[in-house]
Amino acid sequence: MDYYLGVFQTIGVHTLLGLSAYILLLTGQVSMAQIGFFAIGAYSSGVLTVIFSWNIYPALAFGALLASFFAFLVGFPALRVKGLMLVIATIAFSEIVRLITFNFVWMVEKDGIMVGAEGAQGFREIRYFTTNGWDSSQVVLLIWIFVAIVMAMLWWLDRVKAGAVLRAVGNDELAAQSSGINLTTVKVAAMTAGGFIAGLGGGLYAHAVSYVDHITFTILMATFAISYPILGGTKNVFGTLLAVIFIQGILIEAFRFLEDWRLIIFGLLIILVMNFMPDGLVSIFKKSNPGKGN
Amino acid sequence: MNKFIKGLAVSALAFSMSAGVALAEKTVLISGWGAQSGPLKSFGINSETILKAAVDKINADGGVKLKDGSMAKMVYEYYDSRCNAEEGIALARKTATTTNTLIAIGPTCSGVAAASFGVFQKKVDDAGDTGLQMPLFTNTAVRNGLAKISQWTFRNTPNEPDMYDKLFAWIAKTRPELKTVYGGTETDQGHSAGTYRIVIIPAAVRHGFEWSEGPIEGVTGKIGEGADNVQKASSNWLMADTSFSVQARAFKKSKADIFVISSHPFTTCGILKELARQKASPKLIVGLTSSSSAEVMKGCPKQAEGMIIPTSFAPVTPEAKAVADVAAANGASADLHSAAAWENVMIIKDVMETVGVSANGENLQADRRAIRDGLEALKTTAGLIGTVTRNQEEGEALKPYVFVHAKGGNWEVLHDPR
Amino acid sequence: MSILKVDNLCKNFGGVQAVNGLNFEINEGEIFGLIGPNGSGKSTTINVICGLYQPSEGSIFLNGKKINGFKPNQCVDMGISRTFQNIRLFGDLTVWQNLWVAWKDDRKNQGSWFSNWFGKSESREKLISELLSFSGLETRANDLASNLSFGEQRRLELARAVASKPKLIFLDEPAAGMNKEEVKELRDRIFRLRDLGITIFLVEHVMDLVMNVSNRITVLNFGKAISEGDPESVQNDKAVQEAYFGQ
Amino acid sequence: MNIEFIDIVQALIDGILYGSTYALIGLGFTLIFGAMEKLNMAYAASSIGGAYVGLGVSVLLSLPLYAIFLIGPIGGGLLSVLVYICCFRYLPSNNHLAALMASIGGLFFIDEIISHETDGSPLDFPELGIFSEAYFEIEFSDMFLGFRGDLIFVMFASFLAMLMLMYLLYRTRLGLATRAVSQQPIAAQLCGISIHQTNSVTFILAGVLGGIAGCLAAASVGVISPLLVLPLTVKGLVVTVIGGLGSIRGAIIAGLLVGGLESVFLLLRGVNERDIYVFLLLFVFLVFRPNGFFGAEIDRD
């Protein structure tokens, strides 16, 4: 049972990661920075519960806020670059964050052993849940409550003007600007919101698995993050969820016996989906397939 | 494609079990996982090959004697954890909660071990701690001081502090003309860097060797002291690095008698080749335990000539030789990591027979606990090259070892302190 | 009273002088036509005034306030809106949402920041349904803009430009590709906008339309104004005929 | 280690020489971007893949060692055109995202196939014969500056490749077609140029170049491993951006620059911080000079 709960935890965390990329994708920005924000959330909330013995909720909130603050800062220079250049710029950002976690040492002695982040050796013993008697089902519940809240917020966003504005910017920046939309506000706001969601996901991840290190935050994970909404499509939030379930739940877990064929299949799958459904998996459910504007 | 078919068979088996079809045979299940994909894939492949050979041997000899006196076959499942912490944790959870695994063997990467040991219950009988409760017995992940993370985790891995301590003592005695030391490590590999700064350099200092550029602040010879300064004073590289010009120059400039190269085979060969190119000629090179494997001899036998490494496995006894042959016959290689899988399986069999377990996962939780307690009770175990002493405070092993050096394309035993 | 005053406007791209020393003034409530052969700098003029490009030289005044270098969205805030020569709608949004994105509440009953972005408002519902009937798209309100026909897209784009409640609206070749009937409808719409008090700046190739609706016309060639005046006098200007038909 | 000025000079030399492998990879990225305005993320993977093909075929048929350096580029070209067919050819031409994702899929696919086939362990790669043996030292006020022979060879090879590419692009009909397709795809089609043919040729060209780069990089290291793929991809991207997307000489200069600076950062700040500075450099370029050294204005509408 615990194992299936673990899979649900993974799916939940990856859904948050995917949704953080989703909101940026709505504005037409492909951001590989999400894994950087995820790392910031993971490390900062981990430091708070492990070293400062904070309660989990303020720690998660702080991690998410710190990540969104960095996202806010990244948002401004990111405005100057578009499209493929943004991809490269955000790869650079994520790699810088990863290298900082790689060099990040902050250890204190607790109950006779050293705990905290130890540079390349990673950040172990983020055991808030287990030492406070949470069982896995409670952790799963916590993660999925957050996932549900975030999904509901994004669902609602698509029903108010803000959502339409995000998509308008994604469709045609110039027309959006000429319709009175301030691109700076919209893009920086989307980046900040995306940073918040990714940071929250990072905090939950660190506590759910109890260990993080820089290898968790490589370009591979950044690619996973953007591949969820791209494979799932940006029609609505469920596409991302569907893609996460498909990749993490089915491809990675259910087909574990395929061993290293799984990553080969993952590569092949991306190629196939992009060739036959360039608007994402959700386009299966659409009757007509209106191509992207522009 | 073989693995594919086998995988299908395994999952079909699992399905039939879960569907309640009674199996004719009595079995005890052990699970293992390690990196079978990605750059460190050979660890997992070697381990599984030897694990399988050991299980086959046990079954050929009749199997495992159960509590009720009947015999059961030992079966195993092996999973790919991709040297990825998240995967390793998922596997620990999977085997602990969805299979009848009595005890698990793995993982291969220290990073995965450090991560996945954390999801186990820290102290047995702590009802407030909801961590996993299944014994785990590691054969490969070797970074210093991991098993104490949980009372459910044990290791049968070389004790590097002891080995390097003895190595430098031996060098000091047999090569008194060597005075100074310099080195470097791959900083993004937990094992290489950890062992280098916490174990190797302090051991060298302890036995009177001087850092070639003058003493490093805080390094007294005690394990772990001044570790950060050690790394800063050294010339390091990363696991995926391909250019070593700058580092090799620093080595050469140090003019040290002994070079310490603490990294896995890929970069060990890289730096050795660059040193040779720049004609840096130390009097001795000391390597990392994990480099005493076939890869270095495949990649750079010429440049590695003379490199000394302490290892807990070499085909110096008939048993060890037999295991090495079995591995070779199955296309894998027996080294200090994978050969320990053999020992682990044999120890597990003995413990199972001592404490008495039931077949097919009846009394699963009680049996797991009994095996854990049985493992903890062991003071010594039989190893392939001699008796292994166990430090059960920390769940670690004190394995016998030999010093090998590279000679003519092979690892040859240089000194055998057993 | 003049609403827009352009003074010695220049724009060059690299070495090319797209607009070269343009001066004109538009009065509130009038329909102002800008015509000229292909490549004469008409679209560039709109793009510079609407903030897509920075002018290389010269000044633009809106109601006496200098708006040089304003971003497009700032221009919208100042009461300028526009359509594009090649239609630029938000294809993934519905017709209704296209209008919604551009919609701005009156300054005086501007709601809070929150209600603008996330809330509902009656005045919005009212305005959008008026715009839908203005553009004859009532039945298509919930269709994706990318599924509209060409004519419908043109109408939607015009409605979207009106949704931000502009005082001055720039129409960049709104009749391109339309048949006679559609041009007639467009003319009626332009007149209705004028009747609402919106000043109109019309760039057009379809002479029939320009000559019929404009109060005043400026003719552009090689980035320079070569003629100005009411439609009739412009039509009879020799320089204009030369520019269009050569000598 | 006390760092003297000569050490910095030496590190710069080491880095610039090694940077020529970055330059070669950067050339391929920039060539494809120049032709299609798309990023081929699978490029470094197909380059290393080409070197593997060369090694594999030569070992299987027990060909002489230099055959690797002939078969490798061919393999690179084939893989590259395969990437084109799978990840670009049938995708909507205005959907840059889909092509980007598909080529990332291609990157994983090639990388994992290599890992699978080789058990992920590094393989010995033949060195460049006499060039690898060669090591020059120049005396410099009783200090020595060293130059690696094989890297000097790689550097000349990359200059040669650059000159050949420039010749192909600016002096032949093929180059004319490539440029026509990249600037005005529809007009080019109307003139009877087949977009897909031209793009295929560009990919083959880039792939051959990649195969050469892969072989030379592996030869200078002496081993080949799937571990080389990701760092080369990232460094290739960095070089392409700093040089200016689409600029051939930019890629070369940026390759050498990145190699040199990286080496100096390594010397001064240690390996753990080395790449941080490289990425900061990239960031500075992106924000203050997004078109790189020689890039065309890419921020056009």
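Each chain gets a letter, A, B, C and D, in the order it is written, and its residues are counted from 1.
Keep this in mind: contacts are C-beta pairs under 8 Å (C-beta built on N, C-alpha and C of every residue); 3 or more make two chains touch, one makes a residue touch a chain.
Predicted model, so just to flag it, every value in this text is computed and none were measured.
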Touching chain sets, computed without subunit A: B, D | C
{"item": "Chain pair with more C-beta contacts, A-C versus A-D", "value": "A-D"}
{"item": "Euclidean distance of C-alpha centroids - subunit A vs subunit B, Å", "value": "34"}
{"item": "Computed distance of Cα centres, subunit C from subunit A, in Å", "value": "42"}
{"item": "Inter-centroid spacing, subunit D versus subunit C (mean Cα positions, whole Å)", "value": "48"}
{"item": "Residues of subunit B whose C-beta touches two or more other chains", "value": "37-38, 41, 187"}
{"item": "Set of subunit A residues in contact with two or more other chains", "value": "102, 119-120, 174, 260-261, 263, 291-292, 294"}
{"item": "Per-residue multi-chain contacts in subunit D, two or more chains", "value": "112, 115-116, 230, 272"}
{"item": "All chain pairs that touch each other", "value": "A-B, A-C, A-D, B-D"}
{"item": "Subunit A-touching residues of subunit C, taken from the complex the two chains share", "value": "50, 52, 71-73, 76-77, 81-82, 84, 88-93, 97-98, 100-104, 116-119, 144-147, 160-161, 163-164"}
{"item": "Interfacial residue positions of subunit A with respect to subunit C in the complex", "value": "160-162, 164-165, 167-168, 170-172, 174-183, 288, 290-294"}
{"item": "Residue ranges of subunit D touching subunit A (in the complex, touch as defined)", "value": "33, 38-39, 86-87, 90-92, 94-102, 104-113, 115-116, 230, 234, 237-238, 241, 245, 272-273, 275-276, 279-280, 282-283, 286-287, 290, 298-299, 301"}
{"item": "Contact footprint of subunit D on subunit A as seen in their complex", "value": "30, 77, 80-85, 87-89, 91-93, 95-96, 99-100, 102-103, 119-120, 174, 218-219, 223, 226-227, 230-231, 260-261, 263-264, 266-271, 274-275, 278, 291-292, 294"}
{"item": "Subunit B - residues contacting subunit A, complex", "value": "3-4, 6-8, 10-11, 36-38, 41, 79-80, 82, 84-86, 89-90, 93-98, 111, 114-116, 118-119, 121-122, 128-132, 143, 148-149, 187-190, 193-194, 228"}
